[in-house]
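Pasting the structures in now, so scroll down.
You will see subunit A twice below: alongside subunit B first, and alongside subunit C after that.
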Partner chain A sequence: MIEFANFYLIPGILLGSIYALGAIGITLTFGILRFANFAHGESMTLGAYISFTLVQMTGLHPLMVMPISMVLTIVVLLFIDRYFYRPFRKSHAIMLVMASFGMMLMIRSVIQFFWGVQVKTILPGIQMPIVFFDTLRLSPKHIMIIISAIVLMLAVHFLLSRTKIGKAMRAMADSPELARLTGIDTEHVIRTTWVVGGALGVASGVFLAIDTHVETMMGFNLLLPMFASAILGGIGRPYGAMAGGLIIGLTEELSSYPWIGTEPLLNPGYKAGIAFIIMVGMLIWRPTGLFKGKV
Partner chain B sequence: MEQFYGYFLYLISLATMGGIYAILTLGLNIQWGFTGLFNVGIAGFFAIGAYVSAILTTAPSIRHLGGYQMPYAVSFIAAMLVSACIAWAVGKVCLRLRTDYLAIATIGIAEIFRLILKNETWATNGPRGVSMIPKPFETLPEPWNQLCFLALVILTVFVIYLALEVAHKSPWGRVMTAIRENEIAAKAAGKNVERFRMQGFIFGCMLMALAGAYTAHYLKFIDPNATEPLTTTFLVWVMLIVGGSANNRGAVLGAFAMWTVWSASEILASRLPDELAIRTAYIRIFLIGFVLQIFLQKYPKGFLSETRPHPRAARTPGYSEPE
Partner chain C sequence: MKYLAKFSLAAAFSLASMTASAADIKVGSVAGVTGPIAELVAPILAGRNLAAEHVNAQGGLLQGDTMKMVVADSACDPKAGVDAGGKVVNIEQVVAIVGASCSGATNGMVQSVTIPAGVVSVSDSATAPSITDLKDNDLVYRVAPSDSYQGRALASHVLASGIKKVAVTYATDDYNAGLAEVFAREFKNMGGTVTANQAHEPKKASYRGELATLAKGGPEALALFAYYGSSGITIIRNSIENGLFGKFYAADGMFDKSVIEQIGADVLRGNIDISQSSSDYDDVSYKLFAAAISAKGVNPKAPYAAHGYDATFLMALAIEKAGSADRGKIAAALRSVSKGPGEVIRPGEWAKAKKLISEGKDVNYEGATGIVDFDENGDVSGIYGINTIGADGNWQTKLLK
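Presenting the complex of A and B:
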């Protein structure tokens, strides 16, 4: 039982919170800018690499330099939005999907050009896990990631429910036309969306880097689970994305637990396919997601 | 003389791969150009075709499923049929939803195939891939074997091109254009939008599988990374957008032109010192991406813009062909 918690449940929650943070950005751009942003994973990779360089330069802890890499990544995202996405605001959403698909490869090739493709570690050294109640083992970095993720999600909740711009964002996700009619500055809302989505994306990228390592495909590998989380939670529903991320992260890790007999229920090589199966299931049975999002 | 012969062989291989890309681009043209479907899993359907055809034709091997030694005609058709079945399943789930979902689902299905190809080692030999795939005409002396293969590819491109030209002008093609331009109006005119979209998606995926099968036989080897999956998909998209979507001639032109640029830049890059050569690979992808962005924003019609099919004057009395 304790093995279940140490090797399946805790990694599941960890992975789930990383997915959840990334999926909030996906669902916000999907809801407010109305397109599936394929480049979102790459902004996470970029944030992780910028943090890596900052850690190398300053010797500080990744979490200390994270705000700076958030700011730098957001500047890049706003630049991209201004020159590559904004020209398509009035055209069909599929043009934006295509532009973001091209952007995904462009950002990645820039990262590969400057940093190379070797795998890097952001937090060197092995940390001894802290043992609770004699058996429950938690590594300090995992505790740190889970607590930071909870703080960030509470911050998103506060932003969306208590601030004016948060309400404007929700209004625009519900109905862009009505939002415009009520005098909401849509361009301002769009910029805020990039800021919020970018900051959370960088956080999720850095957490993944702390948990595993920094590599150029890390963001792309998260893309499918994040889309699945956003669809599972309902497009345009940030709370849905959080729940969806946790569910998908947990399911992926729990799927290789030996539920029946002694063999893993699912070959761990197929772990990455879980998100896709859940997504297809949702698209068939309930495209609006658990929290009644958009189709 | 020796040197010229080398250039000659290089030109043949350039044209062969260009032709294979032209098949892929024509397949995408049915989906995106005619029907307006956004498929970013091209590499997935390409891989299905490659593996099905490879497994059906190879000699028995202990490393992977095989030993059927079917004729090429059977394996090509099988590759297309398997791809069609999978396309049907994907289409059934996604075609009734917004186009974005098809994009997400197709990129997902391409990733799933990669997982299957890597994990099911009994059938595919996992990451080490299937080798010793027979190649049509390989018993002929050099350079005739290469030339015959090239002829096969070019002939296929030509036949597909002619078929698509006829299809584009036929009532079927006009319904496709109508659906792409105004789905609601097409529905109001009594057209079964979902069925037409499904047909477009399946036909496109079949052509992609055929291109995959050709590649497997051409290279005589296939593995899950034979062609870097996203780059393949992306390159085909750029070919279609640059050449001109919804224009079959544009698709073929874009495929050959972009493949020449891509392949020539690879050769130029390989002349550079090692460290730089690796890095220029990333610059190439970046520049191709930039070309796509410029075309999307400034020249969305591509080199050759769409020629709209017009109904024949003879079929509607008193109606003259608009010029």
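Presenting the complex of A and C:
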């Protein structure tokens, strides 16, 4: 039983938090800017690399330098939005999707150009877990990641429900025309979307880097589960993305627990397929997702 | 008359362009420049380029033409391998290919691009047993020995170090799956016990669940078949942090400095053994290569750097022997320059080889990695070494005899 918590439940929650933070950004861009942002994984990668460099320069803990890398990444994202996505604002959504696909390749190549393609580590060495009650093993970095993720999700909740700009964002996600008619500054809302999505994406990238390592494909590899989380939760629903991320992360990890007998229920080689199956299943039977998102 | 004039003008132009382009003979250099083994590929490319440099410095190919290596990135991925192969074959119009690096990328590239196009390829680091059995019209060669040999060498090394029960895990790609299969079979045949044998999906953030299942049944060590950059390092880290495995056996996909840098030499010392296709370091051919590449600041013992040199040098010999930059003729000439009869050619001896070939004599290349005689499947036999972490925190190689 304790093995279940140590090796399946806690990693599932951890992975789920990382997916959830990334998925919020995807769902917000989809809800407000109306396109599937393929470059989101790359903004996570960029954030992780900037943090890596800051850690190398200052010797501080990655979490300490994270706010600075968030700001720098957001500056890049706003620049990209102004000069690459804004000219497409009035065009068909597929143009934006393609633009973001191109952007994904460009950002990744720039990262590979400046930092190289080598695998890097942000926290080197082995960190032994703290053992509670002789059996429960919790690694300090995992506790830190889960707590930080909860804090960030609460911050998003506060932003969306208590602040004026948050309400404007939700209004625009519900109906852009109506929002414009009521006098909401849509460009301001779009900028805020990049800020929020970018900051959470960087957090997700840095958490992943702390848990594993920094490499140029790290964000892209998370893109599919993050899209699956956003669709599961309901496109355009930030709370849905949080729930979706946690569910996908947990399902992926729990699928290989030996529920019946001693063999894993599902060969772990097929883990990555779980997100796919959930995504396809949801699109067929309940395209609005758990939280009644857009179709 | 007018047509004739136009025709002869066009012919003159094409002739002119032919002589102009004949100054460069393009050979594709397909490698996983990015992706999970990026660090390993840099010295391999250095090996390939050194061979081309030797050729060009000592008279070049055919009529003094330059051997030009056109690099394409196969990213250690079958799909990217197809793209890279298509790029060099169809756009760059190369006469032959050195590469690709990984078995999966090589399988993709040769099956979808180079075999249909009739272009010969020599890989310097694709080791999967499956490449042996390809229906390749005699177009796919490799100077890296098949993992049928490496799996057996590693299995006997594990038993020789006193380990009787291992758990096996492998990443789901051609190279790692093939190697794991051979290893598990040979290990059992030699009297060892495989407590669990499980695939894992590469590029995941965590492998704690998989490892917890693998650790059941009392294995003494983990036989880990993965690329270090896509799952290997994460698996070692997860194993040690969770107290699941402390001792690891791995193959050359894990042989990189970043394993030590990321996990720490002190934690790993005495706990990780990595097999690697190696060279006989006392051999005269190897020493010629080692001196030349060391002068470039590249470690001659870097995995597959010597293979990269041999593959490229063999390709140059095949072009010279073919007598023209014709794809079909090069393919036909490749096997004959790799083995006897004929005068022995060693690394760097391009001028000698060129002279012999121009006199119509046979040559037999004996390279930095061994005698490199292609058999009927286009494979070579190999020598293996075992790497452990030395007192200075670097890999130390010991040859397996």
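The criterion applied here is as follows: the second predicted complex is superposed on the first by the 295 of 295 C-alpha atoms of A that agree within 3 Å, B and C clash if a C-alpha of one lies under 4 Å from a C-alpha of the other, contacts with A are read in each partner's own complex, and residues count from 1 in each chain.
Methods note: contacts are C-beta pairs under 8 Å (C-beta built on N, C-alpha and C of every residue); 3 or more make two chains touch, one makes a residue touch a chain.
The structure displayed is predicted, hence computed values, not measured ones.
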Checklist entry - For the overlay on subunit A, clash or fit between subunit B and subunit C? => result clash
Next on the checklist: Going by the contact rule set out at the top, does A:Q112 touch subunit B (first), subunit C (second), both, or neither?
Outcome noted: both
Checklist entry - Is A:L224 touching the first partner subunit B, the second partner subunit C, both, or neither of them? => result first
Checklist entry - Is A:I94 contacted by the first partner subunit B, the second partner subunit C, both or neither? => result first
Next on the checklist: Contact-wise, after the overlay, does A:G102 reach subunit B, subunit C, both or neither (first, second, both, neither)?
Outcome noted: first
Checklist entry - Between subunit B (first) and subunit C (second), which does A:L15 come into contact with in this model arrangement: first, second, both, or neither? => result second
Next on the checklist: By the touch definition at the top of the document, which applies to A:Y270: first (subunit B), second (subunit C), both, or neither?
Outcome noted: both
Checklist entry - For the superposed three-chain model, which listed region of subunit B (39-47, 93-101, 147-155 or 219-227) is the one that clashes with subunit C? => result 219-227
Item to check | Common interface positions of subunit A, toward subunit B and toward subunit C | outcome: 112, 267, 269-270, 272
Item to check | Residues of subunit B that touch subunit A when the two form their complex | outcome: 36, 38, 40, 93-94, 97-101, 103-105, 107-109, 111-112, 115, 118-119, 230-231, 234, 237, 241, 279, 282-283, 285-286, 288-290, 292-293, 296-297, 300
Next on the checklist: Which stretch or stretches of subunit A touch subunit C in the complex?
Outcome noted: 3, 6-8, 11, 14-15, 18, 112, 116-119, 121, 124-129, 137, 139, 208, 211-213, 215-217, 221-222, 253-254, 256-258, 262-264, 267-272
Item to check | Footprint of subunit B on subunit A - complex, ascending | outcome: 30, 35-36, 38, 84, 87-88, 93-95, 97-99, 101-103, 105-106, 108-110, 112-113, 220, 223-224, 227, 231, 267, 269-270, 272-273, 276, 279-280, 283-284, 287, 295
Item to check | subunit A contact footprint on subunit C (complex, rising order) | outcome: 33-36, 38-39, 172, 198-201, 203-213, 216, 228-229, 233-234, 237, 240-243, 258, 261-264, 267
